[in-house]
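Once you scroll down, you'll see the structures, which are given as structure tokens.
First subunit A sits with subunit B, and in the next complex the same chain sits with subunit C.
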Partner chain A sequence: MASLTFNHLNKQFGSVKAVDNLNFEVKNGEFICLLGPSGCGKSTALRMIAGFEEPSSGDILMDGKSIIALPPNKRPTAMVFQKYTLWPHMTVYKNIAFGLQLRGLEKKVVEDKVHSALDLVGLKGYEKRLPAQLSGGQQQRVAIARALVLEPQILLLDEPFSSLDAHLRVRLREELKSIQRSLGITTIFVTHDQEEALSLADRIAVMSSGQVEQYDSPDIIYAKPSSLFVAGFIGSMTLLEAENKGSELKLGNYTLPSSEIVKGKDVKVALRPEDILLADANGWAAKVSQVMNLGPFYSLVLAIEGLGSVKALFPKTSLLKEHDQINVLPNRYLIYHEDGVEEITL
Partner chain B sequence: MTFLRRLAKDPFGIVIFIALFLFIIGPMISVVLWAFSIQWRYPSLLPTEWGLKFWAQTFKRADILQALPLTLMISFIVTIVSAIICLPAAYAFARIKFRGSQFFLLSFLATNAFPRFGLYITIAVIFLKLNLISTILGVVLIQLVNTLLFMIWIPTAAFKGVDKSLEEAALDVGASRFRVFWQITLPQVIPAISAALLLTFVGTFYETQGAILIGLPGIRTMPVLMLSLINNQLVVQYGAILSLTLWIPSLILLLFARRVLSGKTLAAGFGV
Partner chain C sequence: MEASQLQRPKAKLSKQAWVAYALIAAPFLLMVLLIVYPASLSIVRTLRPEVEGVRRFGLENYQAFFSDHTSVTNLIFTLWSTGAIIGLLFAICLPIALYLRFTDSWIAHWVQGLALFPLFVPGIILAYALIRFIGPNGLLETFIEVTTGWQGYRTPYLKPAGSIIGLVWEGIPITVLILTAGLAQVPDNLIEAARDVGAGRLQIFFRIILPLIGRSLLIAFALNFLGVIGAFTLPYLLGPAAPQMMGPFMQRTFYNVLNPDAAETQAVITFLLSSIVGFLYVRSAVRQQKEET
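Right, the complex of A and B next:
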């Protein structure tokens, strides 16, 4: 177990800045997700920790000591790759034992460790199989066992579940989280799936074009995205144009309370669907233009005159149908202005 | 049976089938018949006397007893030397990005794309000055030229086909670069490399142009000997028996290569 620090880390491929001045810290035992669209530099950052890419400048510290001079085979990290990179000519046992045997451990010790690793990922009895005889999910479990058996200081995962089907992805996600919790291993998980990041991470680093846009707990990232990019990337969000009138905002024919901190004339108001509530006749007049059944909830699209479409989430007991006329009001919203973001709760 | 039935419905197909059969299989049948005949005179359709008499005679001939081990030795040397030169080159082509790598890779086609005899004659002139004519070394060198193409292309394709992340995963668990190559990369390409080795060996075994031009008169390999036996001998059986025997290596190659080699493996070398 170890802590990890990125210190002004840069990586340039030709004229492209893949990673741009990365500066953040991962605490001992923490589960971190690097989240962002493809090409945002999250995988490059991970590969620099593993040693497969050399930083153009900056440093990576593990427990305060720089590791960038170490070749990948000398780093106390273990990586799980996106494709199941099991060695096809080796059995499951040999795949997991390979790294242990390199360390010159006794045969009996290797055997015990391999068995308990397989036990951990729920694949007892699969020792003699070849990778080609396993399903995708099983192969990725073996890859996780192969990484964990070495008891690395830091576990790195590069979109490990992205090629699995949805059900399996959720199951392996839960398994990974419980394994991580029981071992207390510092983990860095790269993904483009915001749901995966929200459900797994202690903290999420949302990345865009090589930079970290926000580094916070999933709760804060969800409740108060620090930029419009993060707001658009995490969860569902309705963005409305508004005019700043000092103590209040003007949205079409309606007004909402504002704060004196809000700067500039044109601002954006961001609304989470679950923060839209039914209101009395003073609320915004809305027409239900679409109803989607999400199981426990209805996801609604509301057409509000002068404002546009607003997404809302109502319990099924609301019994709303398309073309219903209702009144709504937000009880919480974010104002993105020149100097940042302001949260207002009514 | 379904093949014949389908053929019966198509008279044009039958004509082509019979023509092809006669053209390809006909000469082979004739060779086989000659090899097992003692007497076969015009106008009889089949040999008038069968027997293995000439087999014993053929393999008692001093020139054949000398040529067989010599040819095997030369083929072995050429294959091994070719592997030593070409396999590292193939790994470099597959794994190291350098300017003009595609051009160099294609340049090996040059020796196969132009009439080889012209090239050989130029080389023979040089070899004459170096006293390499009619020596084993001379024959080995000239035959190496032929082997470069397959010995580089096939392994290059195979090395390129190995997923880089397999190697990274091995590095990640602590293997040294050398161990990664030895225990991860190499096992994936062994089938393709053995195919290339076999192809090289068999190709060298049958090579005649270079062997004639550089080897004669001192060095006489099996196929060269066979040519002279077919051309200058009154006894047809010697040539027939020899060519039948010389089919064996290519038969082995055919059986093996079908399993290992496909157009895909070769195309992969060019990232197709």
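Right, the complex of A and C next:
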């Protein structure tokens, strides 16, 4: 178990800046997700921790000591890959035992460790199988066991569940989280799936073109995305053009209270669907233009004159249907301006 | 459900199967006419030696071969050369293929091109080029003398090493091609995973890469074995007069010694040795196809 610090970390591939001045730290025992769209540099960042890529500049510190001079086989990290994770010519047992044998451990010790690692991922009795005789989910479990059996300081996972079906993905996610909690191992998990990141991480680093846009707890990232990019990437959000009129924001025919800080600036208003509530006749007049059934909720698209489409989330008990005329008002919204974001709760 | 699964292919078979049969009919007939039929005839003929003017079944031809010192020496020499050539080919081509697989630079592309170059040079031209290069008073000897003043150069031309050098040179392109193709199938992740758990270069090579390219190694072995054991041009032009590899030996027995029965026996023995390797190769190919479906 260890802490990890990125110090002005850069990686350049030719003219592509894959990782651009990464600066953040991971606490001992923390579960971090690197989240971002394809090509934003998540894998590159992870591979620099594992030692598969050399930083162009900057440093990575583990418990305060630089590790970038160490080759991958000397680093106390263990990696789980997305695809082709297991050695196909070795049985499950040999896959997990390989690293232990390289360390020259006694046969009995290796045996015990492999068995308890398999136990941990719920695959007792699969020792003799070849990877080809396992399902995709079982293969990833073995890969996790293989990584954990070496008792690494830091566990690295690069989209380990993204080739699995949705159901299995959720189950393995829960299993991984409980293993991580019980071992207390510092974990860095790369994903482009915001739901996965929100449900797993203690903190999420949202990345965009090589840079970290925001590094915060899932609650804060969800409630108050620090930029329009993060807002668009996490959860569902309606963005509205607004005219800044001193103490008020003018949205089409309607107004919302403004904040001192944004005075005189160009602004955009962002609304979470669950912050849109039914209102009396003073509210915004809206027509229900689409209803989607999400199980316990309806996800609605509302057409509001002069504003455009606004997403909303209502309980089933609201009994709304398409073409219904309703009135709504937000009870919370975010104002994005060139210097940041303001949160307003009514 | 099982019954319907068993029946469905039958109904479909007729149309597709006829197309398939028609497509393989021509090569199959050619193979029977040009290989299976004459080979069987030869095998049968060698088993019916002429003893005191009459042909009858017997093993005299083979007894003659295996009791003749020259024949046995030549067979052993051929197998020994084949082993040495294949060993050298792997020793030379595996590093080249590994280099090509794990480096991405313009030098690697040039090396690849160079490694394939002998493929475009006919064997006979290659033989004469090698004679000019390694032969007596050849380029290599002159070069050594001029640069170092050392005069002890002894040419491998017309010695066992001569045919070995020629055949290794000839075998490099196909071996590099097969091995690079095999290595290309090894995903980076598997190698990185091995590095991640602490494996060094040698451990990765022996424990991960070699087992994963086993099939390519077998293919390279089989193709080179088949090519070398029956080789004629290069051993004839570059190799020693005695011992001889089976190719030139057969030719000499047939044209110079004028003993067609003995030549045919030599051919059948060479053919049987090749068939063993051919069988291993085909079995592995079929097994792979089964695994893939």
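List of remarks:
Here, the second predicted complex is superposed on the first by the 342 of 346 C-alpha atoms of A that agree within 3 Å, B and C clash if a C-alpha of one lies under 4 Å from a C-alpha of the other, contacts with A are read in each partner's own complex, and residues count from 1 in each chain.
Just so we're on the same page, a residue touches a chain if its C-beta (ideal position, glycine included) is under 8 Å from a C-beta of that chain, and two chains touch if they have at least 3 such contacts.
Because the structure is a prediction, the values reported are computed rather than measured.
Aligning the shared subunit A places subunit B and subunit C in steric conflict.
In the superposed model, A:Gly99 makes contact with both subunit B and subunit C. In the superposition on chain A, A:Gly264 makes contact with neither subunit B nor subunit C. Of the two partner chains, neither subunit B nor subunit C is touched by A:Pro315. In the superposed pair of complexes, A:Ala50 makes contact with subunit B and with subunit C alike.
The contact surfaces that subunit B and subunit C form on subunit A in the two complexes overlap at residues 50-52, 71-74, 77-79, 81, 83, 85, 87-89, 98-99, 102-103, 146-147, 150.
Interface residues of subunit B, counted against subunit A in their complex, comprise 163, 165-166, 168-177, 179, 183-184, 187-188.
Residues of subunit C touching subunit A in their complex: 187, 189-190, 192-200, 203, 207-208, 211-212. Those residues of subunit A lying in contact with subunit C across their complex are 50-52, 71-74, 77-79, 81, 83-89, 98-99, 102-103, 146-147, 150. On the subunit A side of its complex with subunit B, the touching residues are 50-52, 71-74, 77-79, 81-83, 85, 87-89, 98-99, 102-103, 143, 146-147, 150.
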